[in-house]
Every structure is written in C-alpha cells, then in structure tokens.
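A single structure is presented below for examination.
First chain written, first letter: the chains are A, B, C, D and E, and each begins at residue 1.
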Amino acid sequence: MPKHMKSRKSKIGSAPGTLVHVGDRLSENIKVTLIKYDKENFSKSLLDKIEDCFSSEGNVINWVDVDGLHEIEVIEKIGQEFNLHPLILEDILNTTQRPKIDFNENYIYIVLKMLYYDKKIKRIKSEQISFIILKNHVFSFQEFEGDVFDNLRKRLEQNKSNIRNKRTDYLAYSLIDAIVDSYFDILESIGDTIDDIEDTLMRNPSEKLLSNIYELKREMIFLRNSIWPLRDVLNGLIKSDYPLIEDKTTIFLRDIYDHTVQIMDIVETYRDILSGMLDTYLSSMSNKTNEVMKVLTVFSTIFIPLSFFTGIYGMNFEYMPELHFKYGYLIFWVITVISILIMIRYFRKKNWF
Amino acid sequence: MPKHMKSRKSKIGSAPGTLVHVGDRLSENIKVTLIKYDKENFSKSLLDKIEDCFSSEGNVINWVDVDGLHEIEVIEKIGQEFNLHPLILEDILNTTQRPKIDFNENYIYIVLKMLYYDKKIKRIKSEQISFIILKNHVFSFQEFEGDVFDNLRKRLEQNKSNIRNKRTDYLAYSLIDAIVDSYFDILESIGDTIDDIEDTLMRNPSEKLLSNIYELKREMIFLRNSIWPLRDVLNGLIKSDYPLIEDKTTIFLRDIYDHTVQIMDIVETYRDILSGMLDTYLSSMSNKTNEVMKVLTVFSTIFIPLSFFTGIYGMNFEYMPELHFKYGYLIFWVITVISILIMIRYFRKKNWF
Amino acid sequence: MPKHMKSRKSKIGSAPGTLVHVGDRLSENIKVTLIKYDKENFSKSLLDKIEDCFSSEGNVINWVDVDGLHEIEVIEKIGQEFNLHPLILEDILNTTQRPKIDFNENYIYIVLKMLYYDKKIKRIKSEQISFIILKNHVFSFQEFEGDVFDNLRKRLEQNKSNIRNKRTDYLAYSLIDAIVDSYFDILESIGDTIDDIEDTLMRNPSEKLLSNIYELKREMIFLRNSIWPLRDVLNGLIKSDYPLIEDKTTIFLRDIYDHTVQIMDIVETYRDILSGMLDTYLSSMSNKTNEVMKVLTVFSTIFIPLSFFTGIYGMNFEYMPELHFKYGYLIFWVITVISILIMIRYFRKKNWF
Amino acid sequence: MPKHMKSRKSKIGSAPGTLVHVGDRLSENIKVTLIKYDKENFSKSLLDKIEDCFSSEGNVINWVDVDGLHEIEVIEKIGQEFNLHPLILEDILNTTQRPKIDFNENYIYIVLKMLYYDKKIKRIKSEQISFIILKNHVFSFQEFEGDVFDNLRKRLEQNKSNIRNKRTDYLAYSLIDAIVDSYFDILESIGDTIDDIEDTLMRNPSEKLLSNIYELKREMIFLRNSIWPLRDVLNGLIKSDYPLIEDKTTIFLRDIYDHTVQIMDIVETYRDILSGMLDTYLSSMSNKTNEVMKVLTVFSTIFIPLSFFTGIYGMNFEYMPELHFKYGYLIFWVITVISILIMIRYFRKKNWF
Amino acid sequence: MPKHMKSRKSKIGSAPGTLVHVGDRLSENIKVTLIKYDKENFSKSLLDKIEDCFSSEGNVINWVDVDGLHEIEVIEKIGQEFNLHPLILEDILNTTQRPKIDFNENYIYIVLKMLYYDKKIKRIKSEQISFIILKNHVFSFQEFEGDVFDNLRKRLEQNKSNIRNKRTDYLAYSLIDAIVDSYFDILESIGDTIDDIEDTLMRNPSEKLLSNIYELKREMIFLRNSIWPLRDVLNGLIKSDYPLIEDKTTIFLRDIYDHTVQIMDIVETYRDILSGMLDTYLSSMSNKTNEVMKVLTVFSTIFIPLSFFTGIYGMNFEYMPELHFKYGYLIFWVITVISILIMIRYFRKKNWF
C-alpha cells in the first residue's frame, strides 16, 4: 500500500497540544525564507532566527515560508508570538491531516496538500502545507523544500497585475490558486498515462496492465480524498464574514472553487473510465479463453474421430474384409479428406475461424 | 481518450486575469457579426472593428456574435468598454470551462457547451460558448464558425411571435433554448446508434461491439458532465431577482429547465441500457464458451472410449481369442454403434445439442 | 430500443409556443366528449364543435375529454378561450413530456402518463394525458381513445359517494387516482411475468431467458421514469395553497401520494429481484460449464491413459516379452478394469458425479 | 415470488373510501378482545358486539384488539362512532399498506407490519397491524389471531412499572415497542441461518446454496421495505406537538427510534455479508472449474504425447530399424518413464497438484 | 459470523427500563475505581461500596470507573443517587448499543465502542463503554478490565498541561480522545494486514487469500458501523449549548471530530482497496484458467494430429504403398518434426508461450 494511504498517528493518550512531528523527516535542515513587500518595496531573505520576521511596520506584508517541520522550537516560538492555539501547532506538525480550515480570533489556519506526480514510478507524492493568515503576516509551513510557488514569487518581485497593492488575503488566495493549478498538471499527466494504458489494452492486454489500472484507480481514490475537502475549505472562506477576507477577494476565491469542482469532475470521469477499462480487460480475457478453446475444439473434433477410424483398421481381427479390398486404403483417404472438409465448413459456419 | 475529456490548463502560477487562449485554435480568422433590432428595424452586419458595436441608441438590442477566440485584443476591448471583471475575460478564453453562471453588477455571464454529433466517427464534438448579457447588448463568444442559431436568426428577421418586442433576457433565453433543443437531436442520434448496437448484439456479438458500447458509455459520461451543471445555471436564472431578467421570461426559463431534466433522464436511461447491454454481451460470451465446450466434450466422450477399444484389438498379444472369432469384427461394430447411440441419447437428455 | 424510450423533439430553434404535434398520430379522428354534471344533473355528449363546451352555468362542472392531438386548431381555440399560456399548449401537443405540474394564474396544468401492459408482447405501452383544471372545467387531452376512466364515469353517472357534490379539484383527484390505481394492475402483471421467469430459471435456464430478464429490467427503468416525477406533481398539489384545491381534497391527494410511494417501493423491489435473477442466471451458466468440463475430464482422464496402454502392446518391437505371456491379454484386462475403478472412486470422492 | 412482495390492489376506479378487504382471509372468525384498565382495575373480555366497547368512564383506558378484517361492518361501526375518515377505514382493510402515520383531528392512525420468521421454510411472514389512538381508546386491527403482545398483557395485568398509571400514548408506545423488539428476534434467526450457510459455503458449496443466499437476500429486501418507513412513523410521533402524546412519552419513543436505526444497521450489514457470500460462492465455483481443468490438462499433456510415441512403433513401415533393436522396447519404457517424471515435476513447479 | 455482528436482545415485551445485563459476562468480579482530583490534589482508590463516591466537596472532580456490568445493584444505586432515567440505566447494561448521545436535565449520557485488534486471529474485538457526565462526577462503565486510558491516568497524576485545572467536560473530552486515538492504531494494524495480503496476492494467490479479503471486508463493515455514529455524538456535543460543556472545550471536541472524519476516510479507502483486491484476485484466477487452457491446447493440437498420422501407418490394409517405400519411415519423421515446428511457431505468434 502506498505510504500516503496509511494512517500515521502513534501518540495515543498524550495530551492534546503536545508538539510532536508526525511524518517522515524529509529534509536535512529547516529553512526559513522571508519575503517582505509593500507597494514600493520587495525584499527576500533567508532567516537564521525566526524572531527576525516577527516585527512588522505599517502596511508591509511578510510572507514567511518554513521548509521542514522537525525543529519544533521554531513552530513553538511563532505560536507564542502570535498567540496560536496549541491544537493548531499540533496540526501543523502532524502531516497526516485532512485539508481543512479553522477561523480563530485573529488568524485563519488552512491546511492543504501539495501534490507532485512522479512520472517514472507513476505515483502521486503528497506534501502537507499549512497556512497561518494574519493581518500582516502569512506563514506557510512545508514538509520539504521545493514547491509550486516560483511563478508567484516572480510576480511578487515584478508586481505584475499590482499584486503588491493587495493584502494578506490576496496573497493567501494566490498561494491556494497556485496549488489548485498544479492539480490540473497532475490530472494531465494521469490523463496521458490512461491514454497509454488504453492503447496497450487494445493491442495486447497483459496481466501487468491489470495492476497498472488497479494502481491508477488507487491514485484516483487518493486524489479525491486530498481534493474533496478543499471544497469545504474554499466554501468556508467565501461564506465567512471574517474581517481579514476582503469582499473583492471573494470573487477570486469563487474562481478557485469553480476550478476545484472542475477537478473533481475530471477525477470522477477518470474513475469511470478506469472502471470501464477494467471491464474491457476482463471481457478481453474471457474472449481470449474462448479463442483458445476454439482452437482446441477444432483440432480435437477433427482428429479424434479420424484417429478412431485409423484405430479400426489397425485392429488385428482375422476376418476384416475391408483390409483386403484393393482400393480400401484409397477409400479411407477419400473418407478422411471429406470428413475434414465437412468439419471445416461446419466450423466456418459457426464463425469459429 | 477523447480530447474533450482532458484537462487543459497550463499556466500555473500566472496572475489571475491573465488573458491567454486555452484550447485549440479552431478557426483561421476571427469573425464578428452584429445583429441590431428593435420593434421596427432589423439589420445584420459583419464588423471590422469591434468598437463599432459599442454604441447603443434607445431600445435597440445588439447581439454581437464573436466566432474565434484567438484575438485577445477584441475580448480585451469589450472588457474595457463594458467594465467586465478580468476573471470573466479569462474564463471566456479558457475553453475548458464547466457550464456556469455569474451575476455581476451590471451584466450576467453564462458559459455553456454546444454539442455536435459526428455520425461518421460516432463521436460528440463540443464547442464552448459564453454569453455576456447587458442592458442592450448580448455578446456570444464561440470557438469557431457555425452554430445552432440559424433558425433563431430567421425568426429575428421575420419577427415571428414578436420576438423583436422583447429585451436582451428573452434573446438570451432563445439562445440557450436553441442549444438545449440541439441536445435532443444528439440524443436521438445516439439512440439510433444504441438501436444498431442492440441489433448486432442479438445477431452476432463480436469484440468490436464491446469497444463500441464502451465508447458510447464514455460519451454518455461526457454528455452528463456537459449538461448536468446546466441545471444550476437555469436555476440561478430562475431564482434570481436580477433586474435584467423580467418576470415573464421566467416561465420560459422554467420550460428549458424541464427540458434539461428530461435530457438528464434520457442520458441516465441510456447509461442503464448500455450497462445492461454490457451484461448481455458478457453472458453471451460465456454462453459461447459453453457452446464450444459442449461440442468438444460430445466429440471427445464419444470417440475417446471407442479409440480405446480399437486400441485393444490392435494389440499384438499372442493369445487374444476375440481376434479369431468369426464375427469378432462384426460384434465390434455393433458395440461401437450402440455406444454411439447411447452417448447421443445421454447428451440429448442433457440438452447439449 | 422500445419507442417509448426515445427522445422525440425535432423542431430546434422554432419559436417557443409554436404548436406542432410531436409524436405518432395514433388515432384517425379526434373525438371530444363533454360530461356535464352538478348535484342533480348528469349529461354526456359527443361534441362536434369544441366551442360548445366553453359556456358554463352556475356550479355545473364540465369535463371535456379530447381523444387525439393532431387537430391543432381545437387546442388553439381552448387556449384562446381560457387564456392558456402558449408554452402550455405546446406541452399538451408534445407527447414526450415528463410528468409535471404547472400552477398558473387561473388554472393548473398537469401532465401524466397512462400505462398499459400488453401481455402478448410483454411490453408496457404509454399514453400521455394532460389535464387543465379550471374553476368549472376540467380538460383532459389523450393521445388516442380508450382509457382507465370507465369506472369513474359510472360513479359520476350514479353519483356514488356523492362525487357530484364536489368541485373540479375532486374530479381531478379522481382522474389521477384512477391512473395510479391502474399502475398497480401493471405491477401485478409484471409480478406474474417475473414469477414465470423465476420458475423457468430454476428448471431450464436458456439464453432466451436472459433477454427476457434484460427487457423486463428496461421496462422497470421506463416505469420508474414515468412514475417517479409523479411524486413531485402530487407534492406540489398537496403543498400548494392554490385556491382551486380545497383543504378536504388534500387528504385524498395524500392518499394517492402514499400509493405512489408504495408503487416506487415495488418497482425498486422488482429491480432488485431482477438483478438477483441475472446473477443467478450467470452463475447457473458457470455451473453448467463446470458440469460439461467434468464430464469431459472424467472421460478423458479414464480413457487417455488406457489408450496409451493399448498403444504399447500395439507396437511392433521384436522383443516384447509380455506379448508372448500366456495370460498377458488377461492381465491387461485386469489392470484396465482396476484403473477404471480407481479413477471412478477418485472422482466420486471429488464429488464430480 | 413470495406472496408478500406482490402488489394486491384490484379495485381500479372504485370510489375512494369504498370498504373492501384486500388480502387473504386468514382467519375463520373475527375476534374482538377488550382490555379495560385504570390505576386500580383491570379487566379482559371477549366482545360479541363491537358497540360494547364504545362507552368510556373517567380515566379508564380501553384497548380493543380486533383479530380478522373480513367483517367490514365492525370496522364501519367503529368509524361512525369515533368519526374516522373513510380513507383511514379503507387503509385498515387493505393489508398491502406501507408503514405510515396519519394525524387527524382527534385521533392518530398508525399502520405497521408484524413479522414472524418461519424457521422450517426459512421465510418471513408478515401481518399488517393498524392502530387508532384516541383519548381513552386504542384500537388495534390484526389480520389473524396471535401476536407479540402476550408479555405486554401480563405487564398490564400485574401493573409492572406502573404501566396502568399512564395514558393511551404510553399504551401505543408499548405496543410499537413489542413489535420492534420482535424484529430483533427475527434478525437473530436470520443471523443463525447466515451462519449455517457460511459454514456450508466453506465446506461444500453446492448450487442449492446459491438459491438459499438469493432467497435470504430477497427476505432482506422485504425486511428493509417493512422496517424503513417505521423511522418516519416514529419521527412523526416524536416531532409532533400532538396533544395526545405527552412529553414524557417522547423519551420512550426516541428509544424505539434508536432501536429501529440499530435494526436497519443490522439489515444493511446482513445484506453486505450476503453479497460477500455470493462473491465467495462465484469465485469458489471458478476455482472448482480451474481445479477440474488442471486435472484434465495434467492427464492429457502426459499421455497424449506418449500415445503418439506408441503410435509410431505401431506403424507397419517395412524399414523401421528401431523395431529390431534388441533393447528397443526397454529404451521405449525408459523414455516413457523419464517424460512422465519431467512432466510431473513441471506441474509441481506450476503448483498444479 | 463474528459475535459482534449479531443482534442480542431477548427480552421482548418486558417493561422498558427493566435492568437486565445483555451481553456476555466477560469478567469475574466487578471493580470500581475512583480517581479524585482538583488543582492541588490527586488520589486513586478501589471502592468496596459504590456509595463511597457519591459525596463531592467543592471543585473536586470524581472519575468513577466501573469495570464489569453484571452487578445490577451497583448501576441501580448510581441511578437513584443521581436521578438517572431508567432507560439510560437499561442502555448502560445492554452492550449491543449503537454509539449515541443523550442530553438530560442534569447529566449527559454517551455510549461508545472501544475497539481492540487481536493480531493473532486478525479480528477486531469490541467493548462497549458508557459515560455519565455530571457537574462533579464522570462515570465510565466498561464491560471488562483493561482500557485505553492508562496514558490519561498518568497525565492526571502528573497534571500535564494543567489537565487538573479543568472541569468534567474536559475529562470527558480526554476520555473520548483516547478512544478515537486508539482507532488509529487499529487502522494501522489493518493497513499492515492489507499490505501482507497484497504482497501474497501478487506472488501466489490462493483460495485462502479470498477468505482473508472477505473477512477483512467484514471487519471494515463492522468498523464503519461502530465509528460512523460517533460523528453524530461529537456533533451533538459541539452544537449543544449545554451548560456542562464550556466554550473552550468545543475547539477540542472539533479536533476529535476532524479525527473521526479522517478515520472514516481511511475506512472507506480500505474498503475501496479491498474491493480492488477482490477484482484482482478474480481476474488472476481467470488468468490462471487461461494459462492452464493454453498448455492443454498446445499439447493437444500438436500431438492429436500426429497421433492420427501414426494411426494411418498402423493400419493393416493390404495395399498401402507408402509402407514399402524405403525412406517411408524417414519421411514420416521429417513431416512430424516440420509440423511440430510449424505449430510451435504458430503458438509463439499467438503469444501462447
């Protein structure tokens, strides 16, 4: 069973809010990047101490990206400074969360899944990402380095479409949008894989194909489980009157919502297609058996009766008049050939070959 | 996998509202047609500059039909003139939308799918069509030339049932109605195809049939996905108190709504029928295997024991008294014929042939 | 595919409210019957001119039954006199409607399906019936002569249970009730057919049976589609505060509603039973294959080795000592019989026969 | 098809409220029992005339149990005395009702199914029971004598847990509770049957088993249909502010509601288990076929080639040097034994036996 | 059928609130443990008399854990002292409850299932646990000794995360949390079992595997039935304005709710995976049959015609010229070898081996 489908929670009975990193330690070092910007300025820096990002002047927006979750003190310090609930901190560290949203007094907590498609092993890999959205700060916590935000960083630097004029809610929207857009890429890769399998299915259905279809079906279950709760997250954001979310951002969120619905449509369609392919595979197997059976039957029904005839004239009875006919042997051959021809015609009529 | 089932979105991380045409460039040139009418007048003209349609006098209604989406400036100019939201413009250009409706301050945006059934390759082709409904303008954006509105254009010209006395909401209704009516045509074509397949299924089920059923099932999934969201679109129009939609238009919209429900019923029925045909196919395959098996078994069980008997009297033992009986050979034949008759009776009783 | 499952609508783009008869012309002549009654009087007459039924004195109730839909002028005249919406007239003429209800300013429009079970061809036939319920008139439009209202006509004539004291809403209720009651008859006939199939299934499952089950399943899909929307129709009537529907009629409508739910229950049960029969059929086919296989295997495994033995002593080697043993042939027979007995025991133990 | 799954209604077009007993006449005579009780007194008597139970003094509660529904006058008299709606009387007599509840001005009408499990024929038998709950009367109408209320009668007589201090609503609760409790008994019997089938399935799956599973599945469909609507009945009672239902009775009704949900859970679980058993049966059949095939194949592939060899040396060519070798026959045997051993090893490796 | 899926209720018609222990008597003696704590103090003691825990001073919280349900007087005394409804006491003793919650005037009643996974027999065992939450008392009733609260007891003793500063609602939360956490453990064990089965499925699918999959599927049905109602329980707690539940506890309850949803996701995923494995198993069986068939067919179609040829030259016709050719025998061998080679090539091309 692929890793990502397992439940990983092994701290039964420990106090709620106990900070333990649940998940694989996927990166060596923790890396904290701070992007600071307002209408005029943009700066990007690697932080040594997490405290360096806590202060905030005027309307400057601070996007703090934390790659790696195994240094618990970093998360603890952020929690103390911004007064985050211990259960939220616990959720950030537990990488087996379901996507969800939590509105709190002065911040919003969102947890999502970033997905990557590894074309070599034809597997989806998953990385949990959590956001804390505050008035002037957006924190993003990732399991390891590397994400889908490179384009967004460029747009921030170049201030395309005046993204720097907007507040943290728009930054959060942009981050979620980038993640949802990346889902389309994954679906496209999977679509290609399905195409490949379909071609093979028509040409030469092998047993390996079956396990491929089966694995893809499982990936679709995983995708659905990862993306489905996103609808509730977005709905929560759109419907809330939370002061951090400005009205003009709502239309953008609704746009992502539409994309999510579209993605779920595609996922369901893929699942239907894969089920159809399974049916086709099974019936093509049954066709093959039928084919084999026909070959066996044609040969057996032609030659078994003929062998019986040869058997008859191989018997050693003293009084077998036919054996002494001059044209006995010839007649035998004539009968043989005629029976073969009759049989062949019969099978032709039955469409057996 | 048919084109229309793929996700096509490859601009991850680009700013929202960035205008890029997503989809195949299906027509050479963009073509803009303007139909202007009021109670007394009707005129139809091909526009060179999109700006020519912006002005509007009195109650004159302007239906601007844009065929081809690859000249982004045209869409941009319309957007600036009528103050359309950038995300709406992005949606018009992205031809992988799901049918939906968006109410905005001074206009309604609707996106639908026009479907065509190509009888030769037995495939449904899909074209995205977007509407912008304003006070005096209706814009329709199509991917390529050719649509299902020819009858409507004639009715406008001849002012049948006083269509020219009505406002843009009624024009929009007429456009949607023409699209939904065309769905019935497609269903009729598919119904004919299903009839054909059913006839073949009863006469001579071949492996090609299976892939035909399978493809039709996929087309039904596609149809459902294209038509299902239409219900929400129509519901949105009916339930809204939007000033552009007059009360007396609502009864017409409810009529289309009924048609849509009827279409979904037919689609579901077709899906059920196709599933039933798949079951029939599979069980007819299993019947065939059974048939083949029976032939093999009848021949084998009759002749294998007989061959054994011939084998016995083909042995070269010195002391085999039967070989020297005068009527040995005759008795052998008698026994043989009797066993064959018994076997045939046995198989008759078992209903094997 | 049975007629009744096809979509028939071929007037794309024609103006809404254009009156065209969609459907087969099932009767030669149109026939209009007028039944007039109040507490004291009852009269029944065949009308030549539709206008004869337009007038109405005092509390007299007029039930106008129109058999045959191909004379569009008749429907047009009724529409003009009673101020019916053009879309309603269009719906009356289009016999591919889904059951539905429409409340209008001064009348209610209901469209239903009357179903008949043709026992010979084991098919359900369907006839669309529309009702227009006004203050003193009830119009019923049928596709052809013959219906399920004969009992009702008798009750009206004899004023059983004071039916003549009641208003048009009660007449409408009685009409719908007669239709729903007739559904029970159809279900009973289908139940009998299912019983027959079940008996045959246990005794002698043939391939014909499969197509019978398959056809019945399709009839159930059709039944469900015809009856399911009826619940919404009745719910609409019960929940409405429409002035034409008196409070004391509501309890009767709820009674029909209960019947409809009961019918849907039976339909679903039948569908479950038919699915179960399909499973049984398939597994009985697989059992049969197994049976055939066993016969083949028993014969082959007994006689193929024995034939090998006969083959041995049919060889012409010069030095084969056994051939010259005095009791060689006897020993051969002893070995043969013993092996046959062992084999038979082995198959017995395996429960093969 | 079991009786209880058929629709029985054959009075199309007859006036609503016409009293006809629909169902089998299951008892010879109608039997009316009256139980009268208040805090101090308890009496039980068989009534000759139904009128004897109509009067009621003070707080005395009258439970009138009518066994047998074929004497229509009895039901008519009750209807007249207590002013029951004709449709209610019709429903009491029609034993093909779905469980339901009806609140009327001064009484509540409830119809339920009493179920009995006949262990011999492994069938559920069903009896319809209707209740009319009034201020001082509870009427129960059963199809035949014998019910699940014996314990309740004892508790009334002995005034266990002060049941006699309570009103008709509590009596009605106690009656429904007894019925629901009896469902648990049926489920336990069915659970035992499922256990038996499961044991047989593992030991010796026969074709009879299949029909057993199939019948049980059908009984589960029937159970679900009989019990499912009960939830609505109970919900109706709990949610109603009907004056007859006291607040403190509601907690007891909620208790039955919980039991009903639990029963539906068990029914669904049984259905899942039966489906699983069907799958197991089918795949064990397929395993068996495989087993048979292997035996056939092992024998055939070993002996058919060997027979070919014996055939060779049975030929009568003049120049066959091997025939004259001194050790020819010995060599033949050596080759034969070696091939057999190789074949056996090959099949062992393939895990065929 | 596993015990835990049976309905156990055998007291039809007995008065509601009759205290009878329904379930297996799983422990010898009843054991009552009292944990008393407030901010400063903590004490743990084994009680001889249940009455010893009834008194309560100031803010001291009493957690009374009752292991064993067969001493009815203990439950009765608690019921009298704290004024519990008789139906609640009945539910505590009936161990076949569905998880549910009941709000009463001065206490909350919760019933849940504690689950244990027995790795040896690969079965889930279930223990019912009921909670009564009062102002200063929490009662927990378990079927037998041993539970999942050891960690919680330690945290209480050591006052980790100030658990002792909180009220009974937080204690109840902690108890439920420990139970839900233990579900994750069970899912992990089952996940491991699924992994094992999957490995075996790919390597060597045997019939035993099928019954393993089938049993696991049943365990999943049981898990779902045990956990699903928990959502309603938690929802009830979160949504209630019940005075015992403080607002700040609600966020913790929502955390458990999220976990429950996550667990249901995993359970559904496992069910999907198991269904997929069943499909794979069945199609691998069908593949195997095909494989066997091919071996049989290859051998038969090669050697049956050849045997026919040997048969020909084993005949004893007087005039068979070939027998006297000098190179007849050689030619025979040449023809034989060539036919074998042609057959092998043919089967290679058909991909049969």
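Just so we're on the same page, contacts are C-beta pairs under 8 Å (C-beta built on N, C-alpha and C of every residue); 3 or more make two chains touch, one makes a residue touch a chain.
Composition by chain, UniProt nomenclature: A, B, C, D, E = Magnesium transport protein CorA.
From a predicted model like this one, the values you see are computed outputs, not experimental measurements.
J.: If you apply the touch rule, which chains end up adjacent to both chain C and chain E?
T.: Shared contacts of chain C and chain E: D.
J.: Shared touching chains for chain A and chain E?
T.: Looking at chain E and chain A together, no chain touches each of them.
J.: Indicate whether more than half of the residue numbers at the chain B-chain C interface occur in both copies; give same if so and different if not.
T.: Interface between chain B and chain C is built from largely different residues.
J.: Fit chain A onto chain D over the CA trace and report the rotation angle, somewhere between 0 and 180 degrees, nearest 5.
T.: 145
J.: Using Cα averages as centroids, what's the distance between chain D and chain E in whole Å?
T.: Between these chains, centre-to-centre, one finds 26 Å.
J.: In whole angstrom, how far does the Cα centroid of chain B sit from the Cα centroid of chain E?
T.: About 43 Å, centre to centre.
J.: Note the residues in chain E that touch 2 or more other chains, in rising order.
T.: 286, 289, 293, 296, 300, 304, 307, 311, 314-316, 320
J.: Across the complex, what residues on chain A touch chain B?
T.: Residues 148-152, 155, 160-161, 163, 174, 177-178, 181-182, 184-185, 187-188, 191, 194-195, 198, 202, 251-252, 255, 258, 261-263, 265-266, 269, 272-273, 276, 279-280, 283-284, 286-287, 289-290, 293-294, 296-297, 300-301, 304-305, 307-308, 311-312, 314-320, 351-352 of chain A touch chain B in their complex.
J.: Touching chain B in the complex: which residues of chain C?
T.: Within the complex, chain C touches chain B at residues 1, 5-18, 85-87, 96-98, 100, 204, 207, 210-211, 214, 217-218, 221-222, 225, 278, 281-282, 285-286, 288-289, 292-293, 295-296, 299-300, 303-304, 306-307, 309-311, 313-316, 320, 322-324, 326-329, 332.
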